[in-house]
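When the chains are written out, they are named A, B, C, D, E and F in that same order, and each has its own residue count from 1.
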Amino acid sequence: MTNETGGDERDRGAEDDRVDEHDHGDARDAPDAPDHDAAQAHDGGLELSHVDRHGGVRMVDVGEKAETRRRAVAEARVWIGPAAATAVERNQVAKGNVLEVARIAGIQGAKRTSELIPLCHPLPLDHVGVECRLDGEEITILAEASVFGRTGVEMEAMTAATVAALTVYDMLKAVEKRIEIRAVRLLEKSGGRSGTFRRES
Amino acid sequence: MTNETGGDERDRGAEDDRVDEHDHGDARDAPDAPDHDAAQAHDGGLELSHVDRHGGVRMVDVGEKAETRRRAVAEARVWIGPAAATAVERNQVAKGNVLEVARIAGIQGAKRTSELIPLCHPLPLDHVGVECRLDGEEITILAEASVFGRTGVEMEAMTAATVAALTVYDMLKAVEKRIEIRAVRLLEKSGGRSGTFRRES
Amino acid sequence: MTNETGGDERDRGAEDDRVDEHDHGDARDAPDAPDHDAAQAHDGGLELSHVDRHGGVRMVDVGEKAETRRRAVAEARVWIGPAAATAVERNQVAKGNVLEVARIAGIQGAKRTSELIPLCHPLPLDHVGVECRLDGEEITILAEASVFGRTGVEMEAMTAATVAALTVYDMLKAVEKRIEIRAVRLLEKSGGRSGTFRRES
Amino acid sequence: MTNETGGDERDRGAEDDRVDEHDHGDARDAPDAPDHDAAQAHDGGLELSHVDRHGGVRMVDVGEKAETRRRAVAEARVWIGPAAATAVERNQVAKGNVLEVARIAGIQGAKRTSELIPLCHPLPLDHVGVECRLDGEEITILAEASVFGRTGVEMEAMTAATVAALTVYDMLKAVEKRIEIRAVRLLEKSGGRSGTFRRES
Amino acid sequence: MTNETGGDERDRGAEDDRVDEHDHGDARDAPDAPDHDAAQAHDGGLELSHVDRHGGVRMVDVGEKAETRRRAVAEARVWIGPAAATAVERNQVAKGNVLEVARIAGIQGAKRTSELIPLCHPLPLDHVGVECRLDGEEITILAEASVFGRTGVEMEAMTAATVAALTVYDMLKAVEKRIEIRAVRLLEKSGGRSGTFRRES
Amino acid sequence: MTNETGGDERDRGAEDDRVDEHDHGDARDAPDAPDHDAAQAHDGGLELSHVDRHGGVRMVDVGEKAETRRRAVAEARVWIGPAAATAVERNQVAKGNVLEVARIAGIQGAKRTSELIPLCHPLPLDHVGVECRLDGEEITILAEASVFGRTGVEMEAMTAATVAALTVYDMLKAVEKRIEIRAVRLLEKSGGRSGTFRRES
């Protein structure tokens, strides 16, 4: 993929549903920039805003966003090689049904996204779906997450796909040591202020 | 990468430290094969062995293995594109220091491997190390795990690398929507019965 | 209890608040049946629906359901035998106050339901209540859960009752090895599309 | 089952691998009894021992016990009724393969025993095995756990069986509301000071 | 601080957003008092109310409360001594950037409040912010949490501040063994029925 | 407490059981210092050591340490004020028995230390004990943790004390809003290379 993330893309990034672009855009505030979030939150005279302005990890405050139906789909591809592919196809893997265990692990993984990713918000997910499919020497995983809430679920979809991919690795590593997770990426995202994103190819 | 997992590789696989190869090798037992683990475990006349023989998910029993110092190193590469790369380089990302947060998330993720991967054993890890580095338009993550125990730590290293990669994605997704995790794979592994594995290239 | 789960019961099951009966009822879709959920979700042309149609684990999508006040009550009964019953009655158990610890464990267990049960949705519970009572040689546990949400809380009530029961077992197992958890079951459920369920006897 | 937990049983209980019987046996110390554990632990003159002597929740200190190979097997039986039994037999349950999902949930549940049961010790389990089988209108679950350690694994086996049973309930509750978990109990236990326990009938 | 928690304070306590004061006020019901919550919940004739009336741990039922924007700020102060203060100031601590790691740990800790504090409700937090600052020989931590929900977030703010403080301790304990966490306390709280609380000095 | 952490104290700190003092002492390596740990671990030619040398969060590698019996005791003091003290003394708190719930929460909290504190090692604890006592207008909490392992348990003792203190706050906050956690600190520690530490006064 060539890089084409020019101005347009960044402008859309500026409407992303997890970032309050009026304040910090896609880059940290300059030291003297007003820090709206912190100011608004700490009208009691606390000194948070000062410290905040100079950087440091920060979770986006989604309290002012609208609750909408949000949905994301991510994909992971895992190269497993010919011997493992044959074992999966014949369901002859010692540890069990690879595709089914990966699916369950992916669903459960999505529910723990906010524990794994430091700045993610905990969300009462409405749905997580994970599909796994053998494609030649690869296993393709599609993961979908949705919620009615104030922030998007792309990390949940990404986490589901990734945990499913790791599970594929774990179940097949005795057959093939060179298994490789390739191309974990977002395919689709909708429901936020930035509208619908759909990956082309 | 072409597949060269021929007989030799599988033979080494047959000594892998998480699979009891005398019983089920790299594929499930034939229905009439003796099932050593189950038989040994259930000498009390329980019927587990029967059900077991017909398939179903199974965790490897590591109780008979020797405690040795085990270590694994995994790598993840994340394409972030030029705009995000510039933001990382200048430490101008709104959410904070990307490489540092990813590192911490990776270390913490490794400690939760057995919760995420259904058939992994819980392990009292001696060490987890995660390094993150900007390489052009990519972030390269190296994760190492080690333990003195009865089973290997490659899943811990793989999980650390993957969670760090997801964290990179999360912190930069407002800047670049097409971020892609690439090439999560094992680089090195030592301490098990199969000796030391080192990935070439 | 005799089985009387005939047609009527299944019809009511068809309105259950966690299953979208128009699509898959109480049994998996026939291979050629239209799969509404998947189709609706993946109008972007993803291939999830295809894989989905052929089976595999699936979480119910509750995104289209109405938010209502939902509530469930479950019961567990634990036979502890006469020696343990005497110890509980006199509050002479070495590990502490059995009924109180079980109560707390049940409340905390309910909050982790979606981590334990693979297809359960995470829910911001409004309330969990657990009561424990010594009845002769048994301890009776009643657990209630409630939420204002899109899906029911019977698994939360069942999990609370069960974790409390396991805790009773743990605290008394030094006194009586043959402790047995009996009759974990739903007593009541309300707030979903299927109306109120109340167990008779 | 009639109660036969007389003197002999209690004597064996007195050797149970999680209770230090020289101090508190199957009942709390009398207020003026010497409290060996506390005294030993707090030779620095802290006042823990005093408070301790008067009761309150306490975890058994296993630090002085020998590391041995410990193993336990538990059983759960779940009545699911005829309609659900037919659906399971034909693998026609909308949510997926009931027996397989229950198995995975049981294995994962065992790994979280010490989080769920307040006084359980965290353990690096060597093995967890869960089997599920349809028997008429019941599903029978057998769960085994083993470890090389200082304390037994019966709670891990009990938790695995119970979480598998709850998962069976969850996956079939749309078909049958009166599902009931019956008879969760320990079948076998070995490796502790009290020798091998095997349940009769 | 002198104690001035007289009648007025308790009256305000009576409007606290986590306690239904009409029923149980700031103290447990007298044994013969009517128990509104339990009665309301269990109109099906369950016996919960009876057991409940006699005490035992109870979570507040927040189901009848209004959803409002709730926010809390807590503070922790950690004395680290002069040697550690110098190491922090120069960013020369072997384990890494103390203030940054503490910040991340605090944010992640807030998300786990309901797992740690037995009677806390799980909440889909909108925001957690943690600031850490070196003040002479102390590190001052400010933690803020907010949610749109039915119950307050003061425990989330308190937990964030405390986990950040423990992390400071962990990272500096090789330099100074006498580190001491001092003065974890609520500074501000708003959004509940009792109005805004602001700590004076 | 005045600061007296002079040279002697730091020398003892240099033997602390969680830090490899030959390499990084109580402060980060100078950029050109040899990095023993990284070098030893990465003899395969990986580039971790290079990145490592320039800083960033790091967990101490305890793999080379001896397994010994390690133990730590921590203390927390919570000011609760006179009204809450009276309610605790009379066991009249609406939410339940404050001291007992705090004890259980502390024990459970200790088991999660490595999840909360980023650089802590997961440990199979042999024992956690928590005592709570009302002292005038304060509640005093003593927490002890022990393990036979390669690293100390002071963070486990500190976490147990702190979580118990937060639980006291939670259960009494409706009675007294100005509750304050004071003086969480290590009292005693033994079993590591640095010998026994005992806090004076």
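Keep in mind that, in the parts below, contacts are C-beta pairs under 8 Å (C-beta built on N, C-alpha and C of every residue); 3 or more make two chains touch, one makes a residue touch a chain.
Owing to the predicted nature of the structure, the values given are computational and were not obtained by experimental measurement.
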Chains touching both chain E and chain F, listed by label: B, C
Shared interface numbering between chain D and chain C [over half = same, under half = different]: same
Most distant chain from chain F, judged by the mean position of its C-alpha atoms: C
Reference interface B-F: repeating pair among E-F, A-D or B-D with over half of contacts shared: B-D
Most distant chain from chain B, judged by the mean position of its C-alpha atoms: E
Chain B and chain C, separation of their C-alpha mean positions in angstrom: 33
Where chain A and chain E are represented by their mean Cα positions, the distance between them in whole Å: 29
Averaged-CA centre spacing for the pair chain B and chain A, given as whole angstrom: 19
Where chain E touches two or more other chains, by residue: 56-60, 96-97, 100-101, 104, 108, 112, 115, 118-119, 122-124
Interchain contacts, given as pairs of chains that touch: A-B, A-C, A-D, A-E, B-D, B-E, B-F, C-D, C-E, C-F, D-F, E-F
Chain E to chain B touching residues, read off their complex: 96-97, 100-101, 104, 108
Interface residues, chain A side, partner chain E - complex: 38, 41-42, 44, 46-48, 51-52, 56-63, 114-115, 118-119, 121-124, 149-150
Chain D residues within the chain C interface of the complex: 1, 3, 5, 9-10, 12-13, 16, 18-19, 24-29, 55-60, 79, 81-84, 87, 90-97, 101, 104-105, 108-109, 112, 115-120, 137, 154-155, 158-159, 162-163, 165-167, 169-171, 173-186, 189, 197, 199
Parts of chain C lying in touch with chain E, wherever the complex brings them together: 69, 71, 73, 99-100, 103-104, 107-108, 111-112, 122-129, 131-133, 142, 144, 146-148, 187-188, 198
